[in-house]
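Have a look at these structures, which come just after this line.
Here chain A shows up in two complexes: once beside chain B, once beside chain C.
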Partner chain A sequence: MKETLLQKTLEKKSSSLIWALFFAFFIVLPNVVSDFWTYALCLAGIYSIGTLGLNILTGYTGQVSLGHASFVGIGAYTTAILSHKFGFSFWLTMPSAILVTSLVGFMLGLPCLRLKGLYLAVATLAFAWAIPEIILKWSSLTGGYSGISIEALRILGIPLESHIWFYYITLFILCLVIWATYNIVNSKFGRAFIALRDSEEGAKAMGINLSIYKTLAFVLSSAFAGIAGNLYAYLVGTVTPYDFGFWFSIYFLVAIIIGGMGSIPGSILGGAFITFLPLLSSALRNLPNIIYGAMLILVVLLLPGGLMSFVKLMIRKFPATKAGS
Partner chain B sequence: MLLQVIFSGIVVGCLYALAGMGLVIIFKVSEIVNFSQGDMTTMVMFVASTLLVGLGFHYAWVLLILVPFAMSFALILERGIVRHLYRKPALDIIIATLGIGLVINGICGWVWGYNIRSLPTIVSGSAIEFGNLYFAKNDLLIVAIAAFLMIGFFLFFEKSHFGMIMRATCINPESARLMGVNVGIVYSISWGIAGLLSAIAGILISPITYLDVHSIDSFMIKAFAALVLGGFTSLFGVVVGGLVLGVSSNLLAAYISTELKSTYIFLLMLVILVIRPSGLFGEISRKRV
Partner chain C sequence: MAQLDVKNLSISFEGLTAVNNLTFSVEPESIIGLIGPNGAGKTTVLNCITRFYEPDQGEIEFANVNVLALRTNQIIGLGIARTFQNMELFSGLNAIDNILVGKHMFLKAGFFGSALKFSGASKAEEESKKEAYEMMAFLGIAQWAHHNVGDLPFGIRKMIEIARALISKPKLLLLDEPTAGMMPHEKAVLHEQIKRLRGEMGFSILLIEHDISFVTKMCQQVLVMNFGEEIALGPPHEIVNHPEVISAYIGEE
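Right, the complex of A and B next:
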């Protein structure tokens, strides 16, 4: 008994040490890599936020969406319009983007309550096609094909010129989003989501109100997409209608499948994967699609938990790596 | 003007219906919605462009080569990958077929590049005038081929022995197996037929639009809409759905706005899915708990 307590304390200490090292690594990282890779890290953080949102909807609640990038696009456009046309600051555009995407998520979520599985997939697929078209049509506000360019992010009136500061802001927001997701999925809501995913009939029998929780999952996932869209607009500096097309939505789905459905670290892993693979294989434009596709097939056929389950398996198989620190 | 718009709507509607029939046949037999069909078609179209433009083959030869090619390609996919997906949850099926599509798409980009190509029409020449209506010869040929295939497949399913076997498998695979039907072969053949239909739809549509790795995507969304409209399980429904969609979106483009076609399709699909998920002619499937 004593021993196990001792072991537990040791384990706790070593795990907090691992966390501290982990954080230190991510704080030092942008200072040792070039500006381009800092930019890529920011993008990875943004995609991870979006991926976490989709994971709440698809990974935890089991509602497939092929139109997640459209919400990122709506968030980015809200930010660009408010910042460019009305001069809103970051402190106002961020909540506005979240509000607008949540509202759109709510409006799409309501009719989608009755849909599941492939019906929902087809409906969200059509949504992904409609959004760029609406953005184009509404050119008085959105600038049509040429899109909108926005100024660099200002904090306390000072424009952020280096990507390093943007990186820290993204990292901070990503941590907040991870914390929020962790709390959501471990709360009453998260348990309801998981029950709903595993069996709608079973969840209903246990007294879970399907409509409320499905809508909530839609709203949460689109709110996260709004955060990602807001940061994306500031980082990239311009938004154009086809930045957020159907293919981008597929890549978000790829991220949660490859990382691991219903896994928070998996979402980060997946978000980073869909950021870095195209950058690393820029000479071969077609390579990411082939790798993504092959991985989707492999995950479905052989590894239902995604890469994260593979990592866990490795840790379990080689305990030395866990105790070695 | 109105009749002319309706006619061109029927022409594209026939193509949506052909692609949609491919989706229905697979779904009816195995409850798999094939999200990779668009990319399978894209590959067949690229092969067609190489044969036609690169090697200067005649269209008749191209069709003669491509139809067996498309069928065997679909058969290989079914045998190799899709076979392992039967009875998996809907999400797995969506993900795996999307994955197949991504791989094919990436390979197409690798082999044929990302430049936009155009294909010659099958027949050219002056349009046939009828009153104040003009019928392009190529459009008439499209309607004729589509009508031939639709009627052919109706007869095949309703009258032929093998059609009966396929219908029996759709209704209940287990009892079909007990009656001595080789269900595995029926699954494979459904993919072969879908490959054939989508290949022909692709060959007919690409001269009208253009061809690159993403050109088929917006066409496939309309095939999915035809599928939703007609019901996922009805061949007749998907033909009606395709025609209704072709004509109505053409009318919308001619009289209201050309820029909101996809939005119209999205709203139409949402309304149909919410009010009547089984579509106009589909059967309602009830899952037992």
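Right, the complex of A and C next:
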């Protein structure tokens, strides 16, 4: 009995040690890599936030969306327009981006309530095609073809010149989003999402209003896309209609499948995957997209639960690291 | 005044009559069995009461409330909880979270409170979790709380589905073939558990079941259906000797 108690305290201590090392790693990381890689890490954080949003809608709630990048685009354009034309600061553009994407998500979510599976996918696909076109044609507001430039992010009036500070802000917001997602997933709301995904009949009989929860999932995923879009606009500095095309939506879908459907750490892995793999494979000039394609096929074939199932397997195989799970 | 009143219920699917002019009632704290050959329309009756189906004709009242004016997801709030023939458990959730979904309507936690972990929402969540544990402990299945339901034995899953319905503290429990696929000893355990739960919580049961000995042990009244119509109603010992019931089950001689 005493021994198990001792073991437990040791396990607890090593678990918090592993977490501390984990955080320390991400705090130190931008200081030891080049500016280019810090920029890429920022992008990975932003894509992870977007991926978390899509995972709530598709992974947890089972509603397929092929138009997630459009919401990121709406968030980015809201930010760029408000910042460029009205001089709004980050503290105003961020909530505005969230509000606008949530509203659009709500409006798209309502007509999609009656659609399932492939039909829902096609409806969101139409959205994915329409949004870049609307952005392109509405040039008085969006700058059309050439897009909008946006000033560097200022915190307390000081522009952030190095990507390191942008990295810390992204990391902080990513942690907040992860925390909120974790709380939602482990509340009655998350249970309702999973319940309606697994059995609509069972969920209805248990008092879950399917329309409300499907719409909520749409709004939440759009809100997260809005956060990602806001940060994206500041990081990249310009937004153009081609940044948020159909392929970008497909990458988000790839991210949740590769990372792990219905998994928070899986979303982060997926977000990192869609950021770094194209960079890595273009670094090896002769084999750009082949590696990307091969990796996709390998993961889907060998790890149906995504990269997260591989991580879990490793934790189980090497119990020394188990404390960190 | 009966608790559940079903009057002249009729429903057909593309011209095929599933239930025809059925009238029956369930008294508070009673157990009524609904039996009949396959395709007699038993589950259809349950699906009308829980509003999965829209009847063509008839009235359904529960505690003087017009059930037909409500939607499926409002039925549990009225005090009617059900299980399914094919067990509609949520495969992505563990056992205790499955049970907690049955508490959904009664768990007072707002969205932002839950997302930002406000104390009110956390407290409501903790209390529900405790209640679900107690329910599992009462049924002797607490050791499975954190297992994924897909990995659990059939009989345990059946118990989890019943627990999920009962955590809503229903006044009427609708059971659709609870013993289907169970081993004899599991049936005995289920019978015992339902008896204990009823002693504790005092709900009535509408039971669809093929195992006649289970029905005779459990029910005070049995309603026999064939081709969507009532062919007999009475205490179990009368029903099993009823000539029409015998012919419905084994066919005309």
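Assume the second predicted complex is superposed on the first by the 296 of 325 C-alpha atoms of A that agree within 3 Å, B and C clash if a C-alpha of one lies under 4 Å from a C-alpha of the other, contacts with A are read in each partner's own complex, and residues count from 1 in each chain.
By our rule, contacts are C-beta pairs under 8 Å (C-beta built on N, C-alpha and C of every residue); 3 or more make two chains touch, one makes a residue touch a chain.
Computed from a prediction, not measured in an experiment: that's the story for all the values here.
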For A:Pro278 in the superposed arrangement: first (chain B), second (chain C), both or neither? neither
By the touch definition at the top of the document, which applies to A:Ala203: first (chain B), second (chain C), both, or neither? second
Regarding the shared-chain residue A:Pro30, is it in contact with chain B (first), chain C (second), both, or neither? neither
Thinking of the overlay built on chain A, is A:Val122 touched by chain B (first), by chain C (second), by both, or by neither? first
Does chain B (first) or chain C (second) touch A:Gly266, or do both, or does neither? neither
Touching partner for A:Leu216 - first (chain B), second (chain C), both, neither: second
Examine A:Ala192 and indicate which partner it touches, taking first as chain B and second as chain C; both and neither are also allowed. second
Which chain, chain B or chain C, is in touch with more residues of chain A? B
Between chain B and chain C, which residues of chain A are contacted by each of them? 201
Can you tell me which positions in chain A touch chain B when the two form their complex? 58, 62, 64, 111, 114-119, 121-123, 125-127, 129-130, 133-134, 136-137, 201, 246-247, 250, 253-254, 257, 284-297, 299-301
Going by the contact rule set out above, which residues of chain B touch chain A in the complex? 33, 35, 81, 84-85, 88-96, 98-110, 114, 214, 217-218, 221, 224-225, 227-228, 257, 259-263, 265-267, 269-270, 273-274, 277, 289
Inside the complex, what are the residues of chain C that reach chain A? 50, 52, 72-77, 81-82, 84, 88-93, 97, 100-105, 107, 109, 111, 114-117, 121, 125, 164, 168
Within the complex, which stretch of chain A touches chain C? 180, 183-184, 187-189, 191-192, 194-195, 197-199, 201-210, 216, 262
